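Take a look at these structures.
Each of the next two complexes has subunit A plus one more chain, namely subunit B in the first and subunit C in the second.
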Partner chain A sequence: MILRPRREDHLVIGKYTGKVIVGVGLLMVVPLLTSVLFAEWDTVVDFVISMSACFIFGFGAQYLCRTDKDLAWSHGLVVASGSWIWATILGALPHWLSSHEGSYLDAMFDVMSGYTTTGLYLLQDLDHISNGLNMWRHLLTYAGGQGIVVIALTFLFKGTSGAYKVYVGEGKDERLLPNVVNTARAIWLVSLAYLAVGTLALFGVALWLGQEPVRAFLHAAWVFMGAWSTGGFAPQSFNTMWYHSFAYEIVTIVIMIAGSFNFALHWAVWTGRRSEIVRNLETVSFAITLTLTTMLATFWLARAGVYPDAMALGRKVFYQLASGHTTTGFSTIFSKAFVTQWGTIGLLAVTLAMGIGASACSTAGGIKGIRVGVIFKSLIGDVRKAIAPESAVVRQHYHHIRTQWLDDGLVKTALTITVLYLVMYLVSGLLGVLYGYEFTAALFEGVSAGSNTGLSCGVTDPSMPAVMKLSYIVFMWLGRLEFMSVFALLGYGISIVRGR
Partner chain B sequence: MSPRRTFGAVAVLALCCALVVPAVAFGLEAPTSGELVNEPKRFDGVRIEFEGEAIGEVMHRGADAWLHLNDDAYMLKNVEEGAPLGGFNSGMPVWVPGELADRIEVFGDYKHQGDVVRIEGVFNAACAEHGGDMDIHADSLEVLAQGRDALDPIRPWKGVTAVVLAVMAGVLWYADRRTRLRELRGLLRR
Partner chain C sequence: MSDDQGAARTESYPSLTAREHWGRYAVGMATEALFILGLTAIGFALAYIAQAVWL
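For the complex of A and B:
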């Protein structure tokens, strides 16, 4: 029997959703100040309108939904997934008001892409947008990488018992510290420390490359945000090809790989356990699959003779593959070049890397290295069981922060989520075919959206059918929240209609 | 038609002629960036002519420099000035001697419509000198149209909306805070 949610349930969900949306409004202070600094007055007005809309929603929801009740698990999941929808609708206002979007759906596409650290976009004439709007695009992806709920947890939630339930609802379940608000703050501490170091490194390289100081600093901060959050937004339409620099590529690769690592792994390294990097199942799995997909693409492109020498070949292949596997989406080739130069096998190698993705509880998307590792370990265990004597007890273990036994429940969960990802990838590919795109290109783009990567081979375009835009929004959302929160929201909707 | 509009139309027509006529007269191929990306093999190593708006900045590297030229729907007028949306930006990176690059005075960004320039050079589908980048190595550059400031005035309806919404948000914030304080005082009294 489905229980219909009571008034108190609606109130608690409304109250906490309101808090998250106030957080989104406060986030707009940064692009607003950026626009003031550069005297971009029309953009200033856009952000005043957008912030006010967020505050009206947020304070209004908190005023109307007054309750002392704390969050239950189901509430946490619904608040997390529901907040993302409202944050997308309201966060799209600055994009839409800028006149650079073909429709409000396009603006929402870009914002969902930012929050989910995907990096696909439909904004037109990117090379002429204001610094304020560019700041908002990159801040969206930086904040989205930590999780917009984490932001609210850090600054706006006072209690902790209910907070953990919202935190888990956003696809993060690692507690770096016993208290979840302190965990959220630790995530911010790690991210802000990297922001300072990474921006400084990119700023230094950019000055050396010939950018003037103000542009060099802005580009450094934005490219850092795009790399660390594995978002892939860049300030110019040429993406990271703009810089034509091996040094810039190296720094961005280091940042995007660091960003794709589990926050728990970062915390372990920060607290002195450096060996965790080479022992952790996620990093081992990531290293193996990145090597295999890079080898596949290198072999194919060398055979096709696309690049003039081994250096150029290695540089191009490793950058696109590292970008794809960390689900960042930075690119040093034109989107269409994936089709016109890389060909079918090149496309499939990148598709595979994007589909697997990087670490759980990080800013990255995709199936995740730990699930691939767990499934592979389980397979090895089954083979060992099959060849061992009947009386033998065969148990597998794996290392993730600590050494743990591999039990059936864990394998089942890993398989369930993996199957859900694979089904989503397949559906996205078939949808593209239905609209007349080639299967490999449609699969590439669908996997890119579902795994929150953002590499494009040219399918994502303002002229793309609205149904595909809407589907990609849903795929990005599903992929980022890893299904369960979204299913909980659907269940909540069904229980309102059909519950007793 | 007002004299200002007539002047504008004549200027755009003259610029279009300037972009098209030389390529026809001297027989150099003048592909668009879209054609270059879609058919890299066909143009690889071919001397071409390319026109576009200089965007962003020039990045000097020793005696040479990097430029980026956009030949998209916004090369003559950008969205802020009221140009209709015409898809993504599209352009080509150009490697050019530094002294030629310095002829460009205005680069396109939010506040500027960049100089429109014509370059001649060799297209590389995967440049051996630049780590496999797709680019054009140019040895001539001509400024066809000077760049200018691009204005983006505040629309009145936006200003009014901003004031109304900001007042509404302030009232709700005050109401929420007052109710919360009242509840807190009630709790303390108990």
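For the complex of A and C:
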């Protein structure tokens, strides 16, 4: 029997959703100030309108849904997934008001892409948008990478016992420290430290390349946010290829791979357990699959003679593969080159890397290295069991922060989520075929959306059918929240209609 | 709780951003960067091997 949610359930969900939306409104202060600094008055008006809308919605929801009841687990999941929808609808206002979007759906596509750290975009004439809007795009990915709920946890949810439930609902279920608010603060500490060092490094390289200082600083901050959040947004339509710099590429590689690490791993390494980086199942799994997919693409492209020398081959292949595997979406080749130069095997190598993705509890998307590692370990365990004497007890273990036993429940969960991702990838590919795209290209683009990567082979375009735009929005949302929160929201909707 | 115990407790839980942690954090960040540069080196080594095989 499905229980119909009570009035109190609606109130608690409304109240916390309101808090998150107030957080989104507060986030708009940064692009607003950027626009004021550069005297972009039209953009200032756009952000004032958008902030007002967020505050009216956020404070209005909190006022209308006054309750002392705290969050239950199911509420946390519904708040996490529901907040993302409202944050997308309201966060799209500055995009839409800028007149750089073909429709409100396109604006929502770009904002969901930002929050989910995907990086696909439909915005037109990117090279001529205001600094304020560019700041908003990149801030979206940076905040989305942290988890918009983590922002609310840090600043607005102080001391609430239900906060952890929303945190889990957003797909980050590891406590770095015993207290969840301190965990959120530790995540911010790691991110802000990298923000300072990464931006400085990119700024230095840009100055050395001859970029004007203010421009160099803005580009450095934006590219850092795109890389660290594994979002893949860049201020120029040529993405990171625009810089034509090996040094810039190396710095972005370091930032995007670091951004794809589990925050628990960062915390372990930063607090003295340095060997964790070579022992952790996630980093080991990532290193193996990155090397294998790079090898596949490298040998294929060397055979095809696409690049003139080993240096060019290494630069292009490793950058696209690292970008794909970390689910960043930065690119140093033209979108169409994936189809016209990289061919089927090259395209599949990147698709595979994107599909696997990087670490859990990070800014990255995809199936995640830990699940791939757990499934592989389970397979090895089954083989060991099969060849061991009948009386032998065979148990597998793995290392993630501490050595842990591999139990059936863990393997079952890893397999369930993996199957859900694979089904989503397949559906996205088939959908593209239905609309006339070639299967490998449609699969590449669908996996890119569902794994929150953002690499494009040219399918994502303002002229793309509206159904595909809407589907990609859903794929990005599902992929980022790892299904469960979205299913909880659907269940909540069904229980309102059919519950007793 | 005595004052001494209170002081000891404060000492054992310094703020996450306390200056005494900065050195450890910097070493942690450098360790991560080295690991990533190692992976990058493997990627470039593969390119040189592949190019040598197919030339």
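As a working rule, the second predicted complex is superposed on the first by the 499 of 500 C-alpha atoms of A that agree within 3 Å, B and C clash if a C-alpha of one lies under 4 Å from a C-alpha of the other, contacts with A are read in each partner's own complex, and residues count from 1 in each chain.
In this section, contacts are C-beta pairs under 8 Å (C-beta built on N, C-alpha and C of every residue); 3 or more make two chains touch, one makes a residue touch a chain.
Note that the structure is a prediction, hence the values are computed from the model and not measured.
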{"item": "When subunit B and subunit C are modelled together on subunit A, clash or fit", "value": "fit"}
{"item": "First, second, both or neither for A:N131, with subunit B first and subunit C second", "value": "first"}
{"item": "Which of subunit B and subunit C A:Q236 touches, first, second, both or neither", "value": "first"}
{"item": "Touching partner for A:T413 - first (subunit B), second (subunit C), both, neither", "value": "neither"}
{"item": "Contact breadth on subunit A, by residue count: subunit C or subunit B", "value": "B"}
{"item": "Subunit B versus subunit C as contact partner of A:A287, first or second or both or neither", "value": "second"}
{"item": "Touching partner for A:T403 - first (subunit B), second (subunit C), both, neither", "value": "neither"}
{"item": "Touched partner set for A:D309, first subunit B, second subunit C, both or neither", "value": "both"}
{"item": "Partner chain in contact with A:Q211 - subunit B first, subunit C second, else both or neither", "value": "first"}
{"item": "After fitting on chain A: smallest Cα gap, subunit B-subunit C, Å", "value": "12"}
{"item": "Subunit A positions touched by subunit B in one structure and by subunit C in the second", "value": "309, 311, 313"}
{"item": "Touching residues (chain side subunit C, partner subunit A) in the complex", "value": "16-17, 24-25, 27-29, 31-33, 35-37, 39-40, 42-44, 46-48, 50-54"}
{"item": "Residues of subunit A touching subunit C in the complex", "value": "182, 185-186, 189, 193-194, 197, 250, 253-254, 257-258, 261, 266, 269-272, 274, 277-278, 283, 287, 290-291, 294-295, 298-299, 301-303, 305, 309-311, 313-314, 317-318, 321-322"}
{"item": "Residues of subunit A that touch subunit B when the two form their complex", "value": "40-43, 45-46, 48-49, 51-53, 55-56, 59-60, 62-63, 66, 97, 99-100, 102, 124-131, 209-212, 215, 236-238, 241-244, 246, 306-309, 311-313, 315-316, 332-334, 336-337, 340-341, 461-463"}
{"item": "Subunit A-touching residues of subunit B, taken from the complex the two chains share", "value": "37-40, 55-61, 65-66, 68, 70, 72-74, 78-80, 83, 85-91, 93, 108-111, 125-128, 130-135, 150, 152-155, 158-159, 161-162, 165-166, 168-169, 172-173, 175-176, 179, 183"}
